[in-house]
Structures are given as structure tokens and as C-alpha cells.
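These notes open a run of structures that come right after.
Both of the next two complexes hold subunit A, though its partner changes from subunit B to subunit C.
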Partner chain A sequence: MARETTRNRKLVFTVIGWTIGLTLFFPILWTIITSFKTEGEAIASPPSFVFFQWTLENYFEVQTRSDYFKHAMNSVIISLGSTGLGLLVAIPAAWAMAFSPTKHTKNVLMWMLSTKMLPPVGVLVPIFLIFRDFGLLDTRTGLVAVLMLMNLPIIVWMLYTYFKEIPGEILEAARMDGATLGKEIVYILAPMAVPGIASTLLLNIILAWNEAFWTLNLTAADAAPLSAFIASYSSPEGLFWAKLSAASTMAIAPILVMGWFSQKQLVRGLTFGAVK
Partner chain B sequence: MGAITLQKVSKSFGDVTVIPGVDLEINDGEFVVFVGPSGCGKSTLLRLIAGLEDVTSGAIRINGTDATGMPPAKRGLAMVFQSYALYPHMSVYKNIAFPLKMAGQDQAAIKQKVESAASVLNLTDYLDRRPGQLSGGQRQRVAIGRAIVREPDAFLFDEPLSNLDASLRVNMRLEISELHQSLATTMIYVTHDQVEAMTMADKIVVLRAGNIEQVGSPLELYRNPANAFVAGFIGSPKMNLIEGPEAEKQSCTTLGVRPEHIAVSTDGGAWKGVVGVAEHLGSDTFLHVRVEGVGLMTVRAEGEFDLHHGQTIFLTPVPDKIYRFDKNGNAIR
Partner chain C sequence: MVLTRLALTAGVLLASTALASAETLTIATVNNGDMIRMQKLSSEFTAQNPDIELEWVTMEENVLRQKVTTDIATKGGQFDIMTIGTYEVPIWAKQNWLVALDDLGADYDVDDLLPAIRGGLTVDGKLYAAPFYGESSMVMYRTDLFEKAGIDMPDAPTWDFVADAARKITDKDNEIYGVCLRGKAGWGENTAFLSATANSFGARWFDMDWNPQFDTPQWKNTLTFYVDLLNDAGPPGASSNGFNENLALFQSGKCGMWIDATVAASFVTNPAESKVADQVGFAMAPDNGLGKRGNWLWAWSLAVPAGSEKQAAAQKFIGWATSKAYAELVASKEGWANVPPGTRTSLYENAEYQKAAPFAAMTLESIKAADPTKPTVDPVPYVGVQFVAIPEFQGIGTAVGQQFSAALAGTTSVDQALKNAQNLTEREMKRGGYIK
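Then we have the complex of A and B:
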């Protein structure tokens, strides 16, 4: 009886899970399928799923019109650069807050988070003017800096939660055992925090890769990453669904593959602290 | 060498004073136990000696040198934590070797010392394992091993057995006592368990609210408690502390009688009472007796003493084994 109920529940949950999963994945699947159609078939109604003339012409077209690899390289540099720089600043900050808190630590953390509640467009004009005056418009340096600053609160928060999980007594034991601050970090803290640092790194690469607001507003051609590259296919070119889909597929493919291989780390990172 | 002296050591966290001022002398090779109820400042005192907390005022001297401002590693002390605080990402071997590595010793010397410590602690077969793969008792031994290899001037134990189950605790208690016999190194041991204090200590320091209530050997504290608090804390089951007319008859505020110093009779005696609960342990019987005009008392009777709930009995305290305390709780001698 009890076993029967468990099995039924399992079945229900499986069905619900797959339904939600497929619904969420459908737009991506549709984009990928459309990218292999001709422009005519892309807007055909009713649409066909499998039985159409599969073609790669959109991909060649996109590559010849705009240099995919240049934008992909920009995306790589910007997402890795902003995440790396962010970690460099956030690790010492999170360490200080987790292991040597003052009575204002919580306030500082809340203040950092509160900056994420402000709509980015609110600071667009000042940042645009600063970028213009310092000659940072349409440069990768400028984007690395701004994306690093935008994601810094999240990086600090994630690392802070991870470091909080490391018991203070272990660090004290290392201190008793004669470890200096440097050795304590190298031999004890860093190895214990590696999973946390890794998932923070992954999540922030994804956030920076998909970032569109700042990349669209602060870049034109030279420094534009893939998110801006997709957008360039939506308006000036008119409604070329197949080419837009091909551009999108090419833009999301790298991050999708990376996400797929690191999903275990990501899930752990996102649910960390939620389940004990 | 491991003589430690505390001179007027005090500690405050913000406005809260945890230790108002402690003077204490710990001799080389002594097994000293800090005991007291939770929140009495015993762990804080240990952490002050370790250097994990800074003293607010006063001085700590280790082997005659002023160690008050020294970092923990320079004090020549090793600590075993309540949570064991093993390094989870290192094997048992690396855990034990860590302090030696930090001290910059060469690989061969480290290997030899770790292996000898492991054989003393029965850990030889587990050197390649991670702490997560060990049982509670084994983890405890690794923590002790990590302390031993440093050959410290003194060992500091912070409630090391409180995470173990009862039978293992008894075993580890013996092992630590044996270790003290063979190493003859100063050990300072913090616990809230008076049984651990009584069985292990050369010298017990009873703490209450950051103050030392009494210092002495286990039997000194048992025989001559300085006040009602120590009297109630040392000894198991607890001493019966009686107030009211019965105490006034003995011209004191509080009268103390240990459960084992009461004669039980079914015929007649000083106090008449009714048995509430009788706990038959086999070797002993603990009777919880409601005594007229006195209240609830605990009495230790012989093992196979056939008494049960509701029975009327008579209790007589052994005359030269009663304790008297004045209105401040201090013993009247």
C-alpha cells in the first residue's frame, strides 16, 4: 500500500518535472530548429518541426556578414576578465567578513546587495558620461570594469556564504599548529573553499556572458560581445528569423555546453546553505 | 617544561565581563581540570591560555616567560578541540604531520614522528584515510596525535569527549589519563562533567561566573568543599542541600549531606520519609525520598536493597560527614 503510494507519487513528480523542463527548454529548441530552416520556412504557418529542408546557409551567412569569432572572443575576454577581477577583489573581502566580522558586517553586506536592487538604467547616464570622458566607450577594458562592479555584490555574497560554512575551530587549530596567516590561507582555507570558489566563478561567467544591458549601451562594433551580436540581427536587419536564430544559437552554444558540463557545481552553488 | 601562571587575568567581550580576574598556578606535569556549569568561562580561560583570545588585562606566564601577547603558535602549547577540528581535505597522515610541516621539519623526521604517534594511538591502519571516513573515537585520536607530535610544553583539551557516546567516553578518558602518565606533560582539560574532573585530575579548578570557587585535588574538594556551590557540583549524585529548621538545628543556613553518607533503616532514625523513585543500578540503589519537614532527598543505598515506591523509611545522616554552610554559602568548619 505504502509502496504503491510512493510509486504513484514518483510518477506524478516525474511527469510534472519533465513537463516543466521541456516547456522551459522549448524556446531554445525552437531557436535551434529555426536556425536550420530557410527564411521562407521559418515564417511558414503551420510550422514544421522536423520535415523541412535542413540547411546550414544561415550560419555561413551570419559568419560572412559579421565576424562571429571576433564577438565570441570579446565575450570570452569580458566574462573571464570581469569574473577573475571580481574574485580577486571579493575573496579577501568575503574572508574578512566571514572570519573577522565586526558589528557592521551585516550592514555592509546588505548595502552591497541593495545596489543590485537599483535598476541599472538609473545609473546609465553617469556611467555613460564617465565612459565617454575616459575614452572607455566600445572598449573591452570598460566592459570588464563595469561588469565586474555590477556582479561584485553577488560574488562577495556567494563567497561569504561559502566561507561561513568553514568552521572557525579548524582555522584556530591551524593557528595553534603554527600556521601563519598566509599558510593558513594556502593550506587550509583555499582547499576547503575550492568548490565554493569554483561555482561562484561559473555562475559569474554565465551572468557576464549573458549580460545585455551594459554591452548594448556601451559598445558599438569593436568590443561588442555575443549578446550585442545577437541584438544586431533583430532590428537593423528586419525580421530575418532564421538568421537571427542562427546567430542566437551560435551565441548561446558555448555557454550552454559549459553549463551542461558544470551543472553539478552550479546547482550546489545556487542551493548552498539552503539545505543542511 | 610546562608551568603556567595566570596573574589577574581578565577578559571582557565589549561590555560583558566573562572573567573578572583569575590568579592560578599550574605546575609542570600536572593534570589540571577546569570544571563548571556551561557559561562559567572555563573555555574562555583555556582560549586565553592558548592565545586564541587576547586578555583584557593581566598576564600569562609560560615557563617563566611572559606569553601574554604571544601568538598561539609561539606558546609551545597544543590544543584538542571539542569538534576535533581536523582538516577534512587532508589524510590522517597529513593531519598529524601538519604542525611539523609548519615548523619546517624535514620529510624523514616528519614520517618517523607521525608513524610513532600513530602506533601509540592505534591509527597505523588509518593513515591514508580522510577524517570523514573515521569514527568519532578515531577522529578524537587523530586530534590527539596532531597535538602529540609537536611535543608541546602543555596540552589543552576543550571538552574533547562531549561528542562521543557514553561507553567510548569512558575508554577515551582512560586513554587520555594513560597518555598523561606516559608523557608526564602538563595537561589542562576543560569539561562540564564532574565525573571526568574527578577521575582524571591531579588538580580541579571549579569555576563559576568566571571566578575560581576552589582549587584542589579531587578528594580535597570532595571532603572539604569551600562553599555550597562546590559541594553541590562535586560528587555524584549531588549532595543534598537542606535549608530551614533542620539546618537551624545544626546552627547553619544550609546543611549538606551526601547521598552516600545517609544510613537507611525501616525501623527508625532521624528523618522519616516516603520513597518516591527507587533506581536500582545493581551495584547501588539510588532512592529519591520525600522527607517530612526537609523535602526531596537523594540517598545511596546498597545494591540489592529491596525498596520500592511508596514505602516509608527512616534516614540518619552519618554524624561526622555533614557539611554546614553560612548564609553566604561558605563552609563553616
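Then we have the complex of A and C:
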């Protein structure tokens, strides 16, 4: 009897889980399906789900019209560059705040977060002018810098939360056993902090990959990443859904695959310390 | 080792000087069919001009506008050629942000440009942008539905006729709606349509002293007519329909009439996209017998920002892309129906074009009927048919469009929407220093 109830409950949860999962995934699935339709079928009402003439025409069109690999390479460089640089700054900062806090640590953290509360467009003109004067417009260096700065508060906050979870007593014990600061960091702290750092890294790569305000406004031809690539396929006059879907599918594919493989790490990192 | 390094450095230096000798033009353009075709065919231009390379930045209209405006206003210098519309040209030319185009080539034949379009791109007698394609608006209607209802569409209908026909054709049970019109808020969406419509009702945005005119009976008539018509004979959710939504509705056979951009004519008559391709007729935008019709005028044009360091090469490209020879190039590669419309008189005199494009005559008539320098029945201090060419208009136009959209959705009354539009426009005009 008890086993029966458990099994029923499991079934219910499975169904609920799949329903939520599929609902969340549906827009992406629909984009992928639409990318294989003709423009006419893409707007047909009622829409067809599977039974239509599948075509690769949109992918060919997108590939001939714009250089996917150039945009993808820019996306990779910008997202990896900004995240890597961000971690270089944020790890020592979060470390200091977590392990030797002062009475202002909380305020500093709050102040850093408050910079995220301003809508980015509010600082577009000053940043644009700075970029113009330093010759950074349409350069990957400029974008790496600006995305790093935009995501820095989030990186610091995430790392701070993870580092806080590491008990100071372990470090003390290591010191009692005669570990030097270097050994303490390499053998004790680093292994414990790796999951947190890894999930911060992954999440920030995703954030930087999907960023579409600065990447659109500060680039033209040379440094334009995939967000600009997608934006060039939307049109106020004419049909564009199928081509836009093909471009979007191509743009999200790499990050989707990366997310898929690092799923375990991401979930672990995000729920780290959530249950005590 | 040292030698290798030296050789490498020399090689890199040589390569960079070789690259530097070719000039690269960065061209910002919109993602419309005609522009994409130009991008494809531009290899012909680079073959003729091996010293010029082209780099394309294609964007959706609103993103494009935001980017090129930021760039030109701050003299960012990222672009050598910009695709801009009839709204930007008069404003930017007055700011000295654009280069006057006086070097388009000996055989350019500037007098061949349609006078209405040329007028919209000329400031103080100088042409500041060359039109790539031009459009007006007109009525596209379903000949089969009109026949079934026993109605004959005249070439130049009145608004009363359109309203009457729309109500007769509507068959909501079968999802046939008499008329589809723009309802989505935005200065380039419903505000454009309603401003042009208002012109034919005798309304105007401002009087000669820049006072907003939304408190006049003409505007009340316009908005009441529009809201009533769409409520009776429009598709459900019309307040969120823009150009693309209506295009999809019309192409799937759900609209009896659609009054919108002439450029749509080639989409709705294309059998690959449209279910009703062989059942579409065309007529002039309606009027009320006051001497102005409800059609607008727009031209996507190519201009050179004053900050560009490659002005000569840029003018050379513009001269190529907007020439008669380019039209012939498109015709030879992709057929006459795909030639960018609405810029040159010679195109409309071409018998082959007339044969390939059944909508050619009506497009030309519509463009001729719009006059951006005298858009309204009563005199106005501004240029522009479906817009007012002042920098403040994008903001005001969208805010007013939101009021109109709310009136159509029924969340506010026509009177209240007009009152709000009047107040917000007055406030912005005071802030801009036009009125005290």
C-alpha cells in the first residue's frame, strides 16, 4: 500500500516535471521547427507542427547573407574574455569580503549591486563618447571591458555567497597543521571553491553571450557578435520569421550545447548552499 | 632566428599597406528585401571598382535608427553610408550632419527622380540623400470578395465608400474582416497611418504657430471614424496589429481591404507567399473630397555622414546603387518586378516594368498624390505627410500612438485619448521651445 502511494506520487511528480519542462522548452522548439519552414508556412494559421515541407533554404540564405563564423567567433571571444577578466578581479574581491569582512563589507556589496539597478540606456551616451574618444567603438577589446564591468557585480555576489559557505575552521585547522598561505589556498580553499567558481563562470558566459544592448549599440561590422547577427534578420516590412528563426537557432546552438553538457555543474552551483 | 623575425615583420608590414590601399566603406542598412538584393549585387560594383571594399551592417529599422542617430549625433564615424528615411533627411541636413550629394556621376540624371521624393530629400536646393526605393500607401483589396458582394471598387474611393464596403464584406463567422488597418502603437506604425488619414479629414498636427490641434473636430472625426470602422469590420485584437501582422492576415485571406505601404503590393501578389495572390486589386488611398488623400510618402535613401573620411568613394557607391543602370542590373538578374520601386520616372515609363508589376501605375499615382511640403488642407509649418520632421516627433508620435491604440482597444474613450494626446504634445512642444 505504502509502496503504491509512493509510486503514484512519483508518477504525478514526473508528469508535472515534464509538463513544466516542455512548457519552458516549447518556445525554443517552436523556433527550431519554424527555421525549417518557408516564410509562407511560418505565418500560416493554423500552424502546422510536423506535417509541412521541411526545408534547409533558410539556413543557406542566412549563411550566404552574413558571415556566421565571424559573428560566432566574436561571441566566443567576448563572452570568454569578459568572464575570464571578471573572475580575475572578482575572486580576490569576493575572497577578501568573505574571509576578512569589515563593517562596511555589506554596504560595499549593496553599492555594487545598486549599479545594476540603473537601466543601461541611461549611461549609453557617456559610454559611447568614451568609446569614441578611446577608439574602442566596434572593437572586441571595448566590448570585453564593458561586459566585464556590467557583469562584475553579479560575479562578485555569486562568489561571495559561495565563499561564505566555506567554514573558516577548516582553514584554521590547516594552519594548525602547518600549512603555508600558498598551500592553504591550493590544497584547501581551491578544491572547495571550484564548484562555485565553475558555476559563476558558466552563468556569466551565458549572460555575456546573450547580452544584446551593449553589443548592439557599440558595434558595427568588425566586432559584432551573434546578438547583432540575429538583430539583422528582423524586419518591420516583409516576412522574416523563418529566416529569423534559422538565425536564432544558429546563434543559440553553441550556448545550448554548452549548457546541456555543464547542466550538472550549473544546477549544483546555483543551488549551492540553498538547503541548510 | 632574427632574420626570420625580420622577414615576418616585413611581410606583415607589406600586407598591411596592401590592405590599406583599398578603401573600405561601411554601409548601414535596413533588413528589407530590396536592400538585401543590393547587398548581393554589390559584387558588380566592387568588380568595377577594385579599390573599394564594402562592409555591410544590416539591422532592423528601429535598431538601425537608434544606432545611426547615436553615431551621427556624436560624430562616431563608424559608418560611411547610412540608410535613412525622409524623416531624418531634413532634420540632419539642417544640422550639417550630411554631405550634399553633388558628385553622383555624370550620367546620374537627377531630374529623373520623382519630384515628390526628390522634394522630401532636398534642403535649401541641395540633395542630401539619394532615394533607393520609395513608397506611398494605397488600398489593396480582394477582387473576389468585392465581386461576391456586388461592389465595384473605384480607382479613387472615398472614406465613406471604404467604410460601407468593409461593413458589407465582413463575415466574422468565417473570419473574413472587411478592413485591416494598423493599430499597434508607434510613430512609424499607427501614428503614421492615422496622421496620413487625418490629412484627408482636414486635420493637422500643428497650426502655423506650432500649437497642437488634437482638440479640433477634424481629429475627433478621424479617430471616431477609425475606431468605429475597426470595431465593426476589423479583425479582433486590431490594436496590436502593425504592418507585418496585417500582411500575414491579408496573405492568409482574412482581410477584404488593407490600406498600407505600396511596397506590400509585391508581397501580396507573390504566389509563393500569398494565398490570395491572383485576387488582389489596387486603388488610391481614400479621401473625403477635401483635396488631400490619406496616403503617405516615404523613401529609404542613402546618405553620407559629414564625419566620413571616404566621401568621394561613398558618393560613387550611392551613384551606382540608385542609378538607372542598377535598375537594369536587377532586371537582368532577377526580373523587372524586383527592381526597387518609387524613385525614378523612367522606371514607370518602361513597358517591361509595367507588364511585370501590375501595381506600378497605382504606386506611381499614389506617390504623385503625396506632397510632403504641403501635406494638409490647412497650412502647416512642417514638412512630412505621416510625420512631422522635427527631432521631437519620434517621442511625441509614439506617445500619441499609444493613446490612439488605447482608444481602439477600448481602454479609453476617443475624447479622452485626444485630450491626453493634446496635453502631452503641448507639454513636449513647450519643452522644445516651439510654444510658450
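Throughout what follows, the second predicted complex is superposed on the first by the 256 of 276 C-alpha atoms of A that agree within 3 Å, B and C clash if a C-alpha of one lies under 4 Å from a C-alpha of the other, contacts with A are read in each partner's own complex, and residues count from 1 in each chain.
Here, contacts are C-beta pairs under 8 Å (C-beta built on N, C-alpha and C of every residue); 3 or more make two chains touch, one makes a residue touch a chain.
Note that the structure is a prediction, hence the values are computed from the model and not measured.
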- [ ] Kindly say whether there is room for both subunit B and subunit C on subunit A in the superposition, answering fit or clash.
- [x] fit
Open item on the list: Tell me which partner touches more residues of subunit A in the superposed arrangement, subunit B or subunit C.
Closed with: C
- [ ] Would you check which partner chain A:S227 touches, where first means subunit B only, second means subunit C only, and both and neither mean what they say?
- [x] neither
Open item on the list: Looking at A:N58 after the superposition, I want to know if it touches subunit B, subunit C, both of them or none. Which is it: first, second, both, neither?
Closed with: neither
Open item on the list: I'd like to know which partner A:T249 touches here: subunit B for first, subunit C for second, both or neither.
Closed with: neither
Open item on the list: Once chain A of both complexes is superposed, is A:M192 in touch with subunit B (first), subunit C (second), both, or neither?
Closed with: first
Task: First, second, both or neither for A:V125, with subunit B first and subunit C second - done: second
Task: Distance in angstrom between the closest Cα atoms of subunit C and subunit B, superposition on A - done: 41
- [ ] Jot down the residues of subunit A that show up as touching in both complexes, subunit B in one and subunit C in the other.
- [x] none
Open item on the list: Residue numbers of subunit C touching subunit A in their complex, please.
Closed with: 26, 28, 30-33, 36, 39-40, 55-63, 66-67, 70, 74-79, 188, 242-244, 247-248, 251-252, 261, 263-264, 267, 272-274
Task: Residues of subunit A defined as touching subunit B within the complex - done: 167, 169-170, 172-180, 183, 187-188, 191-192
TODO: Give every residue of subunit A touching subunit C within the complex, in rising order.
DONE: 38-40, 43-45, 65-66, 124-125, 128-129, 132, 137-138, 216-217, 220-221, 224, 228, 231-240
Task: Contacting residues of subunit B [partner subunit A, same complex] - done: 50, 52, 71-73, 77-79, 81-83, 85-89, 98-99, 102-103, 146, 150
